[in-house]
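For reference, the structure discussed in these notes is given below.
Here the chain labels run A, B, C and D in written order, and each chain numbers its own residues starting at 1.
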Amino acid sequence: MQQITRLDLADAKILLDGARAKADEIGVPMCIAIVDESGNLIAFERMNGGKVTSTTIAIDKAYTAAGAKRATHEYGEVSQPGKPAYGINSAIGGRLMVVGGGLPVIADEAVVGGIGVSSGTPAQDREVAQAGIDHFVAETRG
Amino acid sequence: MQQITRLDLADAKILLDGARAKADEIGVPMCIAIVDESGNLIAFERMNGGKVTSTTIAIDKAYTAAGAKRATHEYGEVSQPGKPAYGINSAIGGRLMVVGGGLPVIADEAVVGGIGVSSGTPAQDREVAQAGIDHFVAETRG
Amino acid sequence: MQQITRLDLADAKILLDGARAKADEIGVPMCIAIVDESGNLIAFERMNGGKVTSTTIAIDKAYTAAGAKRATHEYGEVSQPGKPAYGINSAIGGRLMVVGGGLPVIADEAVVGGIGVSSGTPAQDREVAQAGIDHFVAETRG
Amino acid sequence: MQQITRLDLADAKILLDGARAKADEIGVPMCIAIVDESGNLIAFERMNGGKVTSTTIAIDKAYTAAGAKRATHEYGEVSQPGKPAYGINSAIGGRLMVVGGGLPVIADEAVVGGIGVSSGTPAQDREVAQAGIDHFVAETRG
């Protein structure tokens, strides 16, 4: 048997709060998704004005980051033409996201979940996702 | 041109609150999804212990209720063998849900969104979805 | 944070061994799938002569049993015409299986994974899945 | 009529053994999939710590290699921008994998199956897949 640590709903809401606050600060309404360490959705918000297309994209960024234990922007780098993971972006029915905005959530060196953000530029999405994690770390570090 | 009235994120959270309170009361951790009148996801929560399979089912119940402007249990009735909508359950790649737990959210006689609940029995799911709507009506009726 | 107990690969092989032995005994080559508690595949075998169509069916039976924390044949009962969960079989893109042969794997009252079997009759599939669990319980009870 | 030579389950386990041993040696827990010459799954293992996203990717690498009778990294080369197979990576609903780690299994100059590996870098995945084939050749050459 394996023992796994996983985000619960209260944790997910802390991540949402941190991301939403940053999205408000930069003035970009976002879709924000939180998944567990297996990539299954725990919580989601589409802020007023968030993009319809970003609903799925945010969920899939979170899924990719948690399931692959890797930030989606890192996949963006290694999947450029000529790079080793070129073409990976269409894997898993297109769910594997290589655009920035998906980050694994890590606790005690284990991936416990993922956050995915979409509706802004990839840089904005990534900034907002990171803000969610920063807030989570600040709130839970004791 | 058409003018559309639609749930916003604050409304969605009121619906979530009402549903979650009922789920806590009956002791069944639920997946709860809120969509807008176009069927697109606004907010989602999987309570601790909610079923993984119910993640998609809750979202699709809400999508069906809002998009078809009809409670999912009503589809259950008309899709029985020999009835006019028999077989509709596999439509839209299986997204059209005919199991109870999806309800349209109505304001001023217009469908403004939908709520979908899954993880319990269909009767429990429906009760929890209705509690979300009841709470929303109570909070917003002025 | 939540603490989760999950099958590991060694556990999955014990489940496979028990199921395969029963399949050999009854003379029906089977597809056998083992998933973790989140429904993600850990191990799979298609015995020589196992059905091609049963590859996906076995995986989806295991997914359903683990994700919904329920034997698939129980879904078969409650999804008959006129019953509350009628029409659930096409949910999740058809992945939600209501045919016997999928069982949750339980340890210390928690679902830690699922086993799905397909290629025989549903009764045979269920018997083989149960044999996997019986073997697992016997091997791990200490 | 055609006579087809195809991997059986015992062959698949030899391929798994060879790949798993190499994965252990390089310290990267992998998802390993073995398919027959028609691309249908025979056996699969997700080693403890293998990535959730790699479950599907490993299966699809094996499917591509067997079905197209070609190593997936070769598709990576010919699908670069400006090359003849550009865009092929999204074919078949994204199942056609162009990232290294999928290899056809060949016997007497015929493709008899495929092996797909995922969770490491594409170079690691390819190395582990090749180790599976090397072990199979060593064990079966008689």
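Definition applied: a residue touches a chain if its C-beta (ideal position, glycine included) is under 8 Å from a C-beta of that chain, and two chains touch if they have at least 3 such contacts.
All of these numbers come straight from a predicted model, not from anything done at the bench.
Chain pair with the larger contact count among B-C and A-B is B-C, by C-beta pairs in contact.
Chain centres here are Cα means. That of chain B falls 42 Å from that of chain D.
A separation of 25 Å divides the Cα centre of chain A from that of chain B. Averaged C-alpha coordinates put the centre of chain B at 29 Å from the centre of chain C.
Contact of a single residue of chain A with at least two other chains is seen at positions 2, 8, 38-40.
Chain contacts here follow an irregular pattern that is not a line, a ring, a star or a complete set. Residue ranges on chain C touching chain B, taken from their complex, read 2, 38-39, 63-64, 66-69, 81-82, 84-96.
Across the complex, chain C is touched by residues 8-9, 38, 40-48, 52, 55 of chain D.
For chain D in complex with chain A, the touching residues are 48, 51-54, 56-57, 60, 75-76, 79-81, 89-90, 93-94, 97-100, 121-123.
Across the complex, chain A meets chain C through its residues 1-8, 11, 36, 38-40, 107, 112.
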